[in-house]
Amino acid sequence: MIGHGFMGAAHSQAWRTAPRVFALPSAVEMSAIVGRNEAAVAGAAAAWGWREAASDWREVIARDDIDVVDIVTPGHSHAEIAIAALQAGKHVLCEKPLANTVAEAERMAEAARSAAERRIVAMLGFTYRRVPALSLARDLIAAGRIGRIQQVRAAYRQDWLVDPRAPLSWRLEKDKAGAGALGDIGGHAVDLVQFLTGQRIERVTGVLDTIVTERPVETERVGIAGVGGDEMGPVTVDDVAMFTARLESGALAGFEATRFATGRKNALSVELSGDRGAIAFDLEDLNVLWVYDRDAPATEQGFTRVVVTEPGHPYLEGWWPAGHMLGYEHAFSHQVKDLVEGIASGTTPAPSFDEGLHVQRVLAAVEESASAEARWVAVSAGTAGERVSR
Amino acid sequence: MIGHGFMGAAHSQAWRTAPRVFALPSAVEMSAIVGRNEAAVAGAAAAWGWREAASDWREVIARDDIDVVDIVTPGHSHAEIAIAALQAGKHVLCEKPLANTVAEAERMAEAARSAAERRIVAMLGFTYRRVPALSLARDLIAAGRIGRIQQVRAAYRQDWLVDPRAPLSWRLEKDKAGAGALGDIGGHAVDLVQFLTGQRIERVTGVLDTIVTERPVETERVGIAGVGGDEMGPVTVDDVAMFTARLESGALAGFEATRFATGRKNALSVELSGDRGAIAFDLEDLNVLWVYDRDAPATEQGFTRVVVTEPGHPYLEGWWPAGHMLGYEHAFSHQVKDLVEGIASGTTPAPSFDEGLHVQRVLAAVEESASAEARWVAVSAGTAGERVSR
Amino acid sequence: MIGHGFMGAAHSQAWRTAPRVFALPSAVEMSAIVGRNEAAVAGAAAAWGWREAASDWREVIARDDIDVVDIVTPGHSHAEIAIAALQAGKHVLCEKPLANTVAEAERMAEAARSAAERRIVAMLGFTYRRVPALSLARDLIAAGRIGRIQQVRAAYRQDWLVDPRAPLSWRLEKDKAGAGALGDIGGHAVDLVQFLTGQRIERVTGVLDTIVTERPVETERVGIAGVGGDEMGPVTVDDVAMFTARLESGALAGFEATRFATGRKNALSVELSGDRGAIAFDLEDLNVLWVYDRDAPATEQGFTRVVVTEPGHPYLEGWWPAGHMLGYEHAFSHQVKDLVEGIASGTTPAPSFDEGLHVQRVLAAVEESASAEARWVAVSAGTAGERVSR
Amino acid sequence: MIGHGFMGAAHSQAWRTAPRVFALPSAVEMSAIVGRNEAAVAGAAAAWGWREAASDWREVIARDDIDVVDIVTPGHSHAEIAIAALQAGKHVLCEKPLANTVAEAERMAEAARSAAERRIVAMLGFTYRRVPALSLARDLIAAGRIGRIQQVRAAYRQDWLVDPRAPLSWRLEKDKAGAGALGDIGGHAVDLVQFLTGQRIERVTGVLDTIVTERPVETERVGIAGVGGDEMGPVTVDDVAMFTARLESGALAGFEATRFATGRKNALSVELSGDRGAIAFDLEDLNVLWVYDRDAPATEQGFTRVVVTEPGHPYLEGWWPAGHMLGYEHAFSHQVKDLVEGIASGTTPAPSFDEGLHVQRVLAAVEESASAEARWVAVSAGTAGERVSR
């Protein structure tokens, strides 16, 4: 694993847990964790159960006893590490966003395609696809349960920037994070809509905003938030993004990504309206999927609150009896499960780097639209490989 | 009352009820109801308690025993009737939208301003302002309880057009309705955001869509929906509108108006994010206001579900004990109450025709943006009278 | 109408509204309202639209121009008035509880049976049966949609007595109210369970409590609550009742009636568990019925949130389009509708006085159990007429 | 660890996870797992990460390299194992119920008291106390935030027995399980109410029911449910329990424990009504605590939906950023954390065996009442050590 921030903790928990909960085709060994700050990475290794700590990712990648590289660093370093790892013949799990620029993402997707020919797997960490309620949503939609999708809305709402003293973390610096709310959480919403509908976004019109434009420079990293001092620095990314998209079918999809939705902590929500039904979901109620069935008797129609913890629900075979709730990190275990199974079978589990590239194209188009008076901007179609897989 | 459709029923219920529930400064007499179809209007008069039925609104307006004219016809006839009534010295309550075009709305607003000099009242029926939960929301916001508003979303979602056999009613014909989802229900959302924030919308970028483009021609009017036959006709208005606005303060507000939100019947929702708190509301849960207070102790913060049926809540003094729910039509009684009090005191209750004119300007700007590649369009500032009143 | 308190306001609203919303077989005239306090009753007559005010109910009952007597006084006077009215050949609508004692209730039921032979109608005002969501629940259960009912819980929770300064109103005096939470609101829960299941309660075990035992004597009646002074008086009724019942089928039903459920204002809730499904309802969300269907596909089961405002739902034909909410008082209009139709056809609409008598027997059995160490007490079976009608 | 069923999986997950998420004072080594079925226990050891599998718990307890014994067998074996382990000087974590009989529980509590003198820790696994929302509830109540508690209701509702073909597992056999819904899940509700209020239950009146009295004999254990064959056998425990209790303060608490609540999978709910506020919780929404504050401004009162995932909430310091949900098994990690800290400091974390003994006394009193016409039965006071600790 390269990196040891919040995502490092979540991925580590998954690497430890998945083999205990699911019957995996290969054993998992947590060999090495890599970071520049030697004390910090040693602490992470001890805390999270990695056999060794290392400071040079190139050295680790070169080792023969390493089969898989899990990249959980900020986005600006993904391309370099992932491409090197793939070229070294390692399977790669790369945390989202794929990269901070379309150009980097294109190079990564190309490296992944090339690696695939050698049965090397490159998987992207849009983990929310593996929240069981969302996996179920995808299955129901693919089975036609809500019919033709005619309208969609998706939002990812947080509020950690409402406090003007919240410090300037790397997530607010364009050179490290690439984009702000748009890239960090809007990307999840874009992937989710494409995943659920099985359709790519073809055009976008949107606006970006930065509500608080300068913040205390971070003096210490503590969890996701950090601590700020007296010195102020400029916020160089957006903190609100609102955009509208056309899907392949012509249906409209409205999007919002914000860190200023007071009271909403981690609220990724989506609602899809079809001609036979509808589906709604909110990550702050993550075990629940709402399903509306227009084929039900007229006087009994309504949104059904499906608690997605039944034995027959996706990924539930490994967990607890019905009605026992799952948490945020369970989806990371599901990701490890699918990755290990993909490696064993030599096939890349979705989402591929190509899919991640397409998400980057969408985000880039939103940025272009926002700087062009919100005009419609076509999303580059890319290659055939960028089609949505389901 | 001129008109006798669904809105006629709701207004009639209010004229009958308000004097029984509130202590009004004047008595209310339900003199005459007017419509072109003599049998239908006679039926409505008998059913709803109007003393007489009439077919010529000009004659009725000319009568000395008429003090107030309540206009509940489709939008294309509002200007002619309202202006004539005001010129005849009658107080006017005009159902929304004010008019189908900005030009008509401007003439109406001018007539209202002129009438006001003679202490003649002209009130516009954006009735939802008087749902107690929304009146309370306005009061809390005006009192600073959620601080400076930094982001807003509003949506009005219905689903009665999901059925492709839903017939072509006048609400789907541009010459009668002016606009589709945008004008009919999007206007409510626009008014609500301006009412709650106390700010006008200054710029918009948006898109419109018509998902089902032809429908059975209506052969019979039954309730709001009607019945269609074999003949098909073109839908000439939008059925989905999605747009983003800038308020005076610079804050972004996202909007959606749709008749294709499967499973959502009459869901006018709004969420306002401030730097001290947030407020959320959904008309399908109309007695409830959700309030988030960032000043509460950190471990006790959350959205509070305020059931707006307490004696101290707006308009509740006339109704039932705490916890006894109000329904859709109660807000119409509140509207009558405020109108009658306004007439008695010679002051126009909000919203004025000027405010309605500004809403029309916003909707027109959305249409302009939608036909100009979604580009930002400035909303004409209009006169000082168009400021939002609260 | 005899009486002019809170229930008088609700019934008056219904008498005014039902003929405007539904096509009734007879015209409704609001002739006279009766009360001992002449000023108060005159005020009520003027406010609520009664043609005259009167102070002697015997005189009014004797009049030829009176066809229907609506009794909304406290329970201790119901028997005398209702029996006299029925004997005078008037149709009677009697607000619940039927009476304060079983003996009185028996005499009333007998009078009603005797009146029925003369096609005189005697209806009891357990109005909540006519909340559309509960009417729908009954229909679904009767149609077997949730199968055999295996367990039930019902609660009626309010909190207006949590404040120790809430004054001693007549509702807290045993000689006027008969019982406290048990009789006033517990009776609703008992009727509702019997109505929904179609089964009578056969045995009960229960406990009663009076949490605050003395309160300020009421110096002024204001709404339901009143205002208290310095003088204190004893609370002579229960304010919490908790009991368990056996239905005819043997199924257990748990009950709670309380005025000490802090934060619950008027929360009548019920949940019925069947072998094919379940139904849940809460009066504080009165347009919503939750329905669980065990026959649905295993991965899609859940409670469906049915918004009971569709055209095909009970009583909805008279109201607004789908998704437009109803309020507390609408059920009173439905009661008037069914009463007027019953009078026209000469049949008593449910619930009959016999059904009310059975509820009184249940409440009396709870009191007996509570004073006998909570032992099981059999409910007197009464006559065949006391079977639950649906 | 002795035992390897569903609870074994949950405890194993916690032993693996707690040291990775929290800074514990001692290292944790998962030495041996014990079970009679050698193949099954070997599989469990491999799957869950135990170093060795063993079949004789006495041998394992005798080993010097074992410090802690975690007992997750059915209740009838708890006493023998726990007492032996404590006498051998091992710290014990015992899954609930403490025992199947009061007599066994008394011997265990005595053994625990004696062990405590040697700084040996004996902790009982009422794990739900450590769901953060419930820990927060306890803190708020202890701080007086809802004032004096005047009424309580608690329910634990499941529905896995609604299916008449659900097989006879050990949980339905009196000799292994001791009691049915009452003991297995009702015990949780009893512990929770005593934990939250800080008061013991002094008297109870209650009823028990067995709705389906015979079921297919289990032919194979699969998860919690198992698979049944053609042979039928008698259900020897209750499947529904409904009872009412008096707390030390005199307040009433209503209880329900059922496996027939169709649609409720694992719904442990509690609502406490105080004179300053109220608290409500449902395990099927386990990250949420509802708090009502009567001291809030009158027009802003309501139940606040506190999402218990903030850094300052109990146990959250080890987990994810705000708004990232926890699941069922997290509370088991919190239990391990507190146990390891207790061992390090030589103090028994709550709940003690004495507290578990008192819960058994309450359940026994309910059984006694149920078989004595539901009469009130006093709960044996036991020793001073059985007071509720918080």
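Letters A, B, C and D mark the chains as written, and numbering starts fresh at 1 in each.
Note that contacts are C-beta pairs under 8 Å (C-beta built on N, C-alpha and C of every residue); 3 or more make two chains touch, one makes a residue touch a chain.
Note that the structure is a prediction, hence the values are computed from the model and not measured.
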Of all other chains, the one whose Cα centre sits farthest from chain B: D
Angle, in degrees to the nearest 5, of the Cα rotation that carries chain A onto chain D: 180
A-C or C-D - the one linked by more C-beta pairs in contact: C-D
Euclidean distance of C-alpha centroids - chain B vs chain C, Å: 36
Chain C-chain D separation of Cα centroids, rounded to whole Å: 41
Whole-Å gap separating chain A and chain C, where each centre is the average of the chain's CA atoms: 54
For chain C, residues that touch 2 or more chains besides their own: 264, 301-303, 307, 310
Interface residues, chain C side, partner chain A - complex: 136, 140, 145, 291, 296, 298-307, 310, 312-313
Of chain D, residues touching chain A in the complex: 6, 9-10, 12-13, 16-17, 20-21, 47-49, 158, 160, 223-225, 264-267, 283-286, 307, 309-311, 320-330
Contact footprint of chain D on chain C as seen in their complex: 146, 150-151, 153, 155, 159, 162, 164, 205-207, 209, 211, 240, 242, 244, 252, 254, 256, 258, 260-264, 271, 273-275, 277-278, 292, 294, 301-303, 369, 373-376
